[in-house]
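Next, two complexes with chain A in common: one pairs it with chain B, the other with chain C.
And now, the complex of A and B:
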């Protein structure tokens, strides 16, 4: 985090992650059916779709979190910077340090607020001194719009925060590890409009250096923060393209029905 | 009427009450159960509870109080000279009870009729032989005082029992009639059943608490007697354990406490790491298949009786430690040692620690693991930094439970560490623990008025206080931790 210069004219277009023919099975349930997606660098990509259509499942494929579910099987090819992440040579632990994740339900560790945020930097050795770690913690909390509320209670347990504060704590925790790709599963589902606006600001800021994938049920949010949008329905990727186009002039009738509120 | 019959009748009345109460409720609603205040079953349950529970409660109290009353009445009959002759009131009374029981047996077997039992006199019949004939052996000839006291004892018990049966049946019938009469469609049966359930639950916990209090009081009483005979300073601070029944015993607690702590410490040093690591492996790493056979295998250890562990210590571990460690290292040549008992006890405790910790680790929510893996943590980092801290209160509880098992264990110590009270740092020396000495002081011919026997109660009380302290400590740790992390 040396380069803090925020420039808005970021170049998009370079492909960060590429998925080809991805299928996911939970036992016999076919949860994801042949999905092809290109996630661009320095771009916010939104995944939208009705509940249970497989957005979280697909998101978890991108950092191999599905490995931790016994019954889940993933087929197809997913690359990060041109390298297959399901290759046996790839260490999923290393991968997840690069592709961070904020979960749908807030899951702070039963540790202090400080230790929650410092968790990632500590295990990855991102700081050499206490001062540096303090700095990372403060910066991450500021970016997650939690600093003002948390600065006087850093040593209190993270589980003692409110639901929305916990979610921002989880965002801070993910940001602190300095990932290249940040996967966010409904990060604003428990937040009030003010905190939502702050998180959206954060997402916009993160875009200057990372690529961000966000799952959301709010069409407005998708329209506000993302440049690309993917619409999932019943495990299939129905349509993927520029956010503006998806919301104004979708190709598929199912997309149109969903964003105008007729299915979902 | 035998007690079993009385109880059966009360229970049967309860069942009838259930059926009839239910019927009546539906009838008062004109067959339309929906206008009843509660479901029909509640009306039935209400009648059943009011029929059964008060009667059974009175019965429980009665069964405790009646023998006490009878005994005081009978004791009054025994002249002071007889008590002096026998040594103590308690001894005479136990003779009386035995003769009374013998008479009952004789009647059952047909050797005496009810009238004969009531009227026999030592002057005309040899009661001792008569009773011996039905298999009740008495230590000495029955004196006239004892026989008449025994006859009185039987009489009082009989009339008491009869009175009890009548009272109980009346009570059950009254309860039945009262609650049946109250059953109508507006009666709030559901609320009444709820309140009765609460009372029953509270009674259960009261009984548990009262029992504990009773145990402590009886220990306190006998310990008090002990400290009348033996100075407490010498008990608590004495460094020697040398009981001798000829008098002049040294009954110091310290050597026994030292042995207890030393052996428990070694046991925990074995059980805690092994048990905890096994639990982590089972919960976090093992595949379903490995888990399905390894976990029951570990739990088999918990089912082995401790005497079998004791044999293992005596025959295998003890000699092995002596031959391969103690003798080559010049630390002694005893096969009974603190080390033997500690290691074997540790093995016994492994399943306690592992099985409880395993459940606790499994209860840590998956989302915490996901959160940690999602940040790029490895499995062991996740275990060390997220799962174990989250499971810590439970694990501390498991360890303290294991510790109190270790402190209370007797068999393994007798066979593994011997019975010599000693203070020594050498773990290959034979030592012993508090529990072993409690058993030791109370087996064989014991005279409950000597300090050598009464010391067992003081030891028991000490042990109780220590385990209580351990539990309080556990609660304190757990609560402190909770405050911090919940």
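And now, the complex of A and C:
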């Protein structure tokens, strides 16, 4: 039948992250209004919605990136494997190693390719020897599908790579700390179609190991890479469900208007 | 939602244009059904030839509809109700084109049997059967343009009557052929015509199902009643 869900396995695996009644305020602005969502393990979840709908803000709650913004206040509960990530005992730096992030614009450190990837494992003390660190770097670059292109130039600066390679380097950097969840905030919007295709291919591989959450403005991209899709509008989570259903037969008229490009 | 306008207004125009073409195709096909049955019933050889000639216009429209639908897929990458509109257009145009072919075949066969003496009552019952299918098609197309799933469901349930008419004719022609071998040639043709009309009904049913899919997002999954028992009949 004309249903995109046919060809894709929805891994209705365990719930990796759970959000309940999440509210975010920027000063007086109520940016996120009581969002409940379950992020599944080994699944790509896409957040879609118009600019300013709160999808990136919500994404940044998942690894406490909003802590770095003074006027931002987060209420409600978010758990990772059942543990409250906003518990005062949780070290946000440790949390961000488990819940890694890749940004819109590739932002490699002004260091060598090797040091970019080795940075996280070093500060988190994940290796005890040079050999072990070498292994982590190779494994991470392989997982980010960059090893073949980078293996002969590991000491060259990461900023010398092409845009698409830089983005995969950032993914390798995020993967190097052994994360459980990868957050991606429009990871392809600064990339050309070929680099975009490579990153999408990579996302599909990454989901065999991690739970991936991606914010994207490209509806086609969301439809291609994700198994679950959440539609945000004006700070609310309007609809959340299987990607095939959202894109062929959504329940909410606001979702329908948005994905079909109508004035909502 | 589905009735409000796209931000890109040319997308709306594309979708409207392609649906208008489907409706034009539908109109021509309705006419072809009526004309082919009339040509048979009134032994009008000119009308039969007209039906055959006009089928080319239907084929041409189908080609255009498919080209436009493919263009919309590539340029607009439609989703949700827009996607269903484009997918249903592909299917409905195929169904309509097939119905047109059956009408053309009826016209061809009515030319072939014009030299034979008419078999008693046969052509008028075929015309009634064709009328039934024509009305079903009209309602299916109305249901399509009005997004009326209930009407589509109603059309779907009426195909059983066409099947019953076909079964009755099947037995009738069998009897005629047994009675007099001279009836065999015209009755073979008449039987194929009845079968053509029965198949038209199936295509109209398929159009109705596409309407239901278009409106609700799901194809009906219940088993449709079927009354064509002829595959199991061994003769009188």
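Methods note: the second predicted complex is superposed on the first by the 247 of 264 C-alpha atoms of A that agree within 3 Å, B and C clash if a C-alpha of one lies under 4 Å from a C-alpha of the other, contacts with A are read in each partner's own complex, and residues count from 1 in each chain.
FYI, a residue touches a chain if its C-beta (ideal position, glycine included) is under 8 Å from a C-beta of that chain, and two chains touch if they have at least 3 such contacts.
Because the structure is predicted, anything quoted here is derived from the model rather than measured.
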When chain B and chain C are modelled together on chain A, clash or fit: fit
Touched partner set for A:154, first chain B, second chain C, both or neither: neither
Larger contact residue set on chain A - chain B or chain C: B
First, second, both or neither for A:123, with chain B first and chain C second: first
Partner chain(s) touched by A:220 [first = chain B, second = chain C, both, neither]: second
Partner chain(s) touched by A:94 [first = chain B, second = chain C, both, neither]: first
Chain B versus chain C as contact partner of A:146, first or second or both or neither: neither
Chain C, chain A and chain B - angle at the middle CA centre, rounded to the nearest 10 degrees: 130
First (chain B), second (chain C), both or neither touched by A:250: second
First (chain B), second (chain C), both or neither touched by A:110: first
Distance in angstrom between the closest Cα atoms of chain C and chain B, superposition on A: 34
Of all residues in chain A, those that touch chain C in their complex: 1-2, 219-220, 223, 247-250, 253, 255-257, 259-263
Footprint of chain B on chain A - complex, ascending: 63, 65, 68, 70, 93-98, 100-101, 103, 105, 107-111, 119-120, 123-124, 157, 159-160, 170, 173-174, 177
Complex contact set, residues of chain B against chain A: 288, 365, 367-378, 381, 385-386, 389-390, 484-486
Parts of chain C lying in touch with chain A, wherever the complex brings them together: 1-2, 4-8, 11, 76-84, 87, 213, 217-219
